[in-house]
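For clarity, chains are labelled A, B, C and D in written order, and residue numbers in each chain start from 1.
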Amino acid sequence: MIANPKIIDAVTTYRNIRSHSLAICAPLETEDFVVQPIVDVSPPKWHLGHTTWFFETFILVPNFPGYTVFDPQYNFVFNSYYETIGARVIRTDRGNLSRPSVADVYRYREYVDRQMTAFLQSEFMNPSIEPLLELGLNHEQQHQELLLTDIKYILGHNPLFPAYRKDKEENKEMVRTDEMIRLGEGVYEIGFNGNGFCFDNELGRHKVYLNNFEISDRLVTNGEYLEFINDNGYRDFRHWHAEGWDWVKQNEVKSPLYWHWIDEKWMYYTLDGLQEVDPDEAVCHINFYEASAFAAWKGMRLPTEAEWEVASVHFQWGERWEWTGSAYLPYPGFKKEAGAVGEYNGKFMVNQMVLRGASEATPKGHSRNTYRNFFHANLQWQFTGIRLAR
Amino acid sequence: MIANPKIIDAVTTYRNIRSHSLAICAPLETEDFVVQPIVDVSPPKWHLGHTTWFFETFILVPNFPGYTVFDPQYNFVFNSYYETIGARVIRTDRGNLSRPSVADVYRYREYVDRQMTAFLQSEFMNPSIEPLLELGLNHEQQHQELLLTDIKYILGHNPLFPAYRKDKEENKEMVRTDEMIRLGEGVYEIGFNGNGFCFDNELGRHKVYLNNFEISDRLVTNGEYLEFINDNGYRDFRHWHAEGWDWVKQNEVKSPLYWHWIDEKWMYYTLDGLQEVDPDEAVCHINFYEASAFAAWKGMRLPTEAEWEVASVHFQWGERWEWTGSAYLPYPGFKKEAGAVGEYNGKFMVNQMVLRGASEATPKGHSRNTYRNFFHANLQWQFTGIRLAR
Amino acid sequence: MIANPKIIDAVTTYRNIRSHSLAICAPLETEDFVVQPIVDVSPPKWHLGHTTWFFETFILVPNFPGYTVFDPQYNFVFNSYYETIGARVIRTDRGNLSRPSVADVYRYREYVDRQMTAFLQSEFMNPSIEPLLELGLNHEQQHQELLLTDIKYILGHNPLFPAYRKDKEENKEMVRTDEMIRLGEGVYEIGFNGNGFCFDNELGRHKVYLNNFEISDRLVTNGEYLEFINDNGYRDFRHWHAEGWDWVKQNEVKSPLYWHWIDEKWMYYTLDGLQEVDPDEAVCHINFYEASAFAAWKGMRLPTEAEWEVASVHFQWGERWEWTGSAYLPYPGFKKEAGAVGEYNGKFMVNQMVLRGASEATPKGHSRNTYRNFFHANLQWQFTGIRLAR
Amino acid sequence: MIANPKIIDAVTTYRNIRSHSLAICAPLETEDFVVQPIVDVSPPKWHLGHTTWFFETFILVPNFPGYTVFDPQYNFVFNSYYETIGARVIRTDRGNLSRPSVADVYRYREYVDRQMTAFLQSEFMNPSIEPLLELGLNHEQQHQELLLTDIKYILGHNPLFPAYRKDKEENKEMVRTDEMIRLGEGVYEIGFNGNGFCFDNELGRHKVYLNNFEISDRLVTNGEYLEFINDNGYRDFRHWHAEGWDWVKQNEVKSPLYWHWIDEKWMYYTLDGLQEVDPDEAVCHINFYEASAFAAWKGMRLPTEAEWEVASVHFQWGERWEWTGSAYLPYPGFKKEAGAVGEYNGKFMVNQMVLRGASEATPKGHSRNTYRNFFHANLQWQFTGIRLAR
């Protein structure tokens, strides 16, 4: 029998992507897998279990005859929402669950991966399942980014500031120019129209009318952001949205997340541990309020997502998720897909802002210039940055 | 001396608009002026004082030599934000302030109106002040709408359900058609470009590209909304945004605001008191989550604000504020004005949705098809309704 | 027919006590009757209605044939707990109810008073009703004290600081001695055993064993309390209970309630308006945490309620409610009475502290040295003070 | 050289008590050491570190020349209150700290235990240190009880309900009698006056006067508590304190903690896993509100702590912590000790109720009939039970 190269490819892709999740977790202690310091952060073992649950629930159970669920209670633990099972209802937060243990979760992954490998090579695998497989793998990649941001939060909010990496990564030197890219007004097209995978929220390539605009060819640096701080940026309400200003005052914010004023110096927690702030690096871990306030202080603004997408061929991107001035709303003609998968994106289309690009935490092969990332305006724990426009 | 007709006109306009605020409050008991059942609702006497404070602070004090402030402490009470005065800081909510009394607030209005009349006829009035006068009068009209919505909330949440009006107003019979207005794709222009007054957020007439769309020529009725309720609309998460669904569950919402299921019938509180729900009337007091869920249930959607504005010449509007699917964001080229007036609109441009049209509570002469009203997605107490699109 | 002097006496007592409630409210503006700045404070019109509802519900309705309830919905409004009426459930706070109007509440009082007068002189009045009548009148007197404390809170938290009284009352000059009254150890009796009225929680006169103790013959003054403040009393955790210290920090407390540091002087709001703190007056409006911390700072303690009661014949009391070191618990043999009246006291016997004495706000004839007042340890709005013991 | 038997004894006692903490944790997975599902529960590794920190901070650092602190940052992590260290302030909850790892904490214990052993045998150990050593060991024993209650909470709130023990412990069969022990009125003495260790709150043996009372010779059983449940005990407000009733309604409480109604049976989580409720076992995990409500339903009451202590020689105790009707207040003549140790008990003497006896989780040798345990009235997670009195 001759192997079908397409299936081999699927198995390889599946294994490569799945093993990357474990690679991200390799430096962790068992204890790091368990905690959940804020509601937006999930325990690493939950990410590992939840992505596995996705393949088990949506691919193996409905499509692989004879498949036995690893543990029927895992549905309860690794579903995104804890709901009733039978007569028992226990409301718990993810960060309170010491069991299943990390070893159990790894066994769960091994079991499902073995079964998935068998399934992908079996007669039951067929082209109609490919979209779900692709979705599952992209879902895994999204959680790989979250794994890293959540690990950073867990370690960076520990008073011992443990480093995640032993070997310091070199910072990319940003080329500092002050070039603004100019684009002329007119009708442009945005949205996905390629052949590969994309999420439903990118679909529906459509025309938009843009006015003349300019957009920077680089990200704002820590040094520039420090000028904003030193110019009382966090103390002058005029730069801020009303609810951004409330956020600043209620939380007594004085700097980006992870920054600490220690011994008369700005330090920040990085994956290499606590370090002095590098003025040449792109500012990171700022939320939409901060990005907007900085832009207002500069007399500029954030680009819209359409401007960003149209201009993106003219600059380098991928270092930070870049806040845009666009709310996360459906594209013209957007349709939720039927079933559980349809919940994926559409139901979040209110009160969130779009981010474009990708970050140093984004897995390779998981970025497109049509990708629409989205977060609430107050959140800082992603690797977010600022690109100015006017 | 011959009177300048323009000044006479300003005085007349000023008096007409100002007296309308009092007309709205005429049916109230003194006690109704004082309370604040929820944070979004202000006590009627606060509206009366705050709008007066606007003219005193922004027109009389800086421009009318010799003007004596009515009471220096009113700045503290009727400013939108209570801040420190001298050494004293007392944090209080508007609804806890029994003083100044209603009689004092009326005296305050009379005093400022007398002074404004004198000022408008004096040599100190000049064209440069006109924009501020116009803003003050439009500000008063905005509060007239809020006065009515807040009075309805205050009386409608009293267990005695007192009527606001003695004489029942006839309900406008909506003509029920099922006509959809069709517009073709292309570049359109939206935004204000007339000669009269508009708010800063309407400025910057600009081009937008619209796809083919259809929009209903009428509002959704109570009868249609009842079908949604009866079809388990409030119990099926699939129609809702994720945070809309949280809102439904946390508040155990089962119907629009003011609706009560009494003796096997749907009743609602109206300004005429508690009445049986009229199935032919336009549904009212629903929030963005409800409007979106209803539209999703219908297999349709809400129009964008650009679609609404472009199509608005083809249908009657003004009965309900109509939720759009657009987030409240700056138009291209939007600039905050300098000074306190600059805070008017721009700082709210995050996490709110645009409503278009006007409502039965909107003062005459205060509506335009470019007017951009905005509220948070969870708020129901305005006279809000639904127009479907697809 | 010859009038029965006992009944005449009941009518006179009833009228005298009832009219005193109105006398307390005489200086108020209509608006002052409506607001509720904090949950512990009730709107004055609610006190007036609630005490009236007590007579209507517990005396007239069950005992006076043919009595017609003034308004069936008032049961809903003036009961201590808002509950369901028929199919309607509206959760409202007392401070949000503009209706019934103050005029309506006064009409309600007149109606019930007229009916009570008729009832007391009718054949239906009989001795078995006397305990309820007495309870109703004592209940009214308790609310008279609350009326005054709540009015002080309402006016004292208004930024205009309106005076309640036109004519300043003379402060009682406290005789400042440093005498400690000494009592020897042994078995004493406490609890009510007189002939007049008392509350159920005072009943069960019983023996207690007291050790040798000393108790001050006077209250702590503002001047002494200022020494505590100036000695960093509010900044040294060692004086405080753990939860008292949390209260200080969370609320940034730096002084008793109503004190304001203005232009380098300690001022306080009094019923005569804002005045300079009088160092010779007994300190007022401090809570149990503050009283305990002050005593600890002095190297002393608060008396137990048994010590206070036993020693009370040796000193003057009645100017302030005096915090004791005793928790509010049932006396030996305490029994709840059956029915709604049984809820009066017993159900509050957990997590509250006993206060003994009476205050300037206590109606004449409503104090006994066996009276057990009780409040939560964090509350300051009563006229509370400190008597030291060791 | 001849060994000093007293020191050998100290070393042995130290080692025995310290090793018992580890024995309690032996059945745990690493993950179980980390989580904190509610604020009252601490992560097991925190207990292990905190008790170790006590010996390091109060004994080794001040008394053992040349002692090197294991890790200077542990003071920050294992102190009861996280406070500022140098310029850094990170507010974190215990349950969010993945580091120090469990292995690190065990190394910390080994290090301190080795040093303590050396210290106890060194010339620097002297009798003046004995009280602190004794306090440290009793502190460790208190945390051993908390370790078990917290472990039960962590495992018992996991949807997988993992068993703590492999081998089921036999339930003690309670001898069910209905004997009431009768004691006559008179002066009794309570408080500690032995020679061994006691906490400061037990000191000051003093006279109390007790009335005639009866107290049960056994605890209330699950079977009896079920009668209360089945007689609508959780639905009839008349049995409850007002704030107990609020607690029932807000939390929709229908049974003791750990009880689940599954497949028409009452099950409960035990250290052996989920089991059917044993009607003959003493009811457990009820709070003060529940204990009081049960007693009220029975027409009885809880004993005072003085009654309990006086009567305790006549019955068996030690199976459950028994709620008393006494608030936790200082005994006559109570004095806080100076320094950090003085904070141990006194600062908690408000708004807590006394429990007497001991429980199955109390370490051997750590119970006395003068021991005053105390918890807030709403807490259920200790091994608490009910003994009736009248």
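One rule holds in what follows: contacts are C-beta pairs under 8 Å (C-beta built on N, C-alpha and C of every residue); 3 or more make two chains touch, one makes a residue touch a chain.
Note that the structure is a prediction, hence the values are computed from the model and not measured.
> Tell me which chains count as touching both subunit A and subunit D.
Neighbours common to subunit A and subunit D are absent.
> Counting only Cα atoms for the centres, state how far subunit A is from subunit B in Å.
Comparing mean C-alpha positions, subunit B is 38 Å from subunit A.
> Would you mind pulling out the distance in Å between where the CA atoms of subunit B average out and where those of subunit C do?
Result: the chain centres lie 44 Å from each other.
> So what's the Cα centroid distance for subunit B and subunit D, whole Å?
Distance between chain centres, rounded to whole Å: 58 Å.
> Of all residues in subunit A, which are in touch with two or more distinct other chains?
none
> Would you mind giving me the full set of chain pairs in touch?
Every touching chain pair, ordered by label, is A-B, A-D, B-C, C-D.
> Touching residues of subunit B toward subunit C in the complex: what are they?
Interface residues on subunit B, with respect to subunit C: 29-37, 45, 73, 76-77, 82, 85-88, 90, 92-93, 95-102, 154-155, 157-160, 162, 260-263.
> Could you list, by residue number, the parts of subunit A that touch subunit B in their complex?
Listed in rising order, the residues of subunit A that touch subunit B are 185, 187, 206-209, 211, 240-245, 288-289, 292, 301, 325-327, 329-330, 332-333, 342-343, 347-351, 353, 377.
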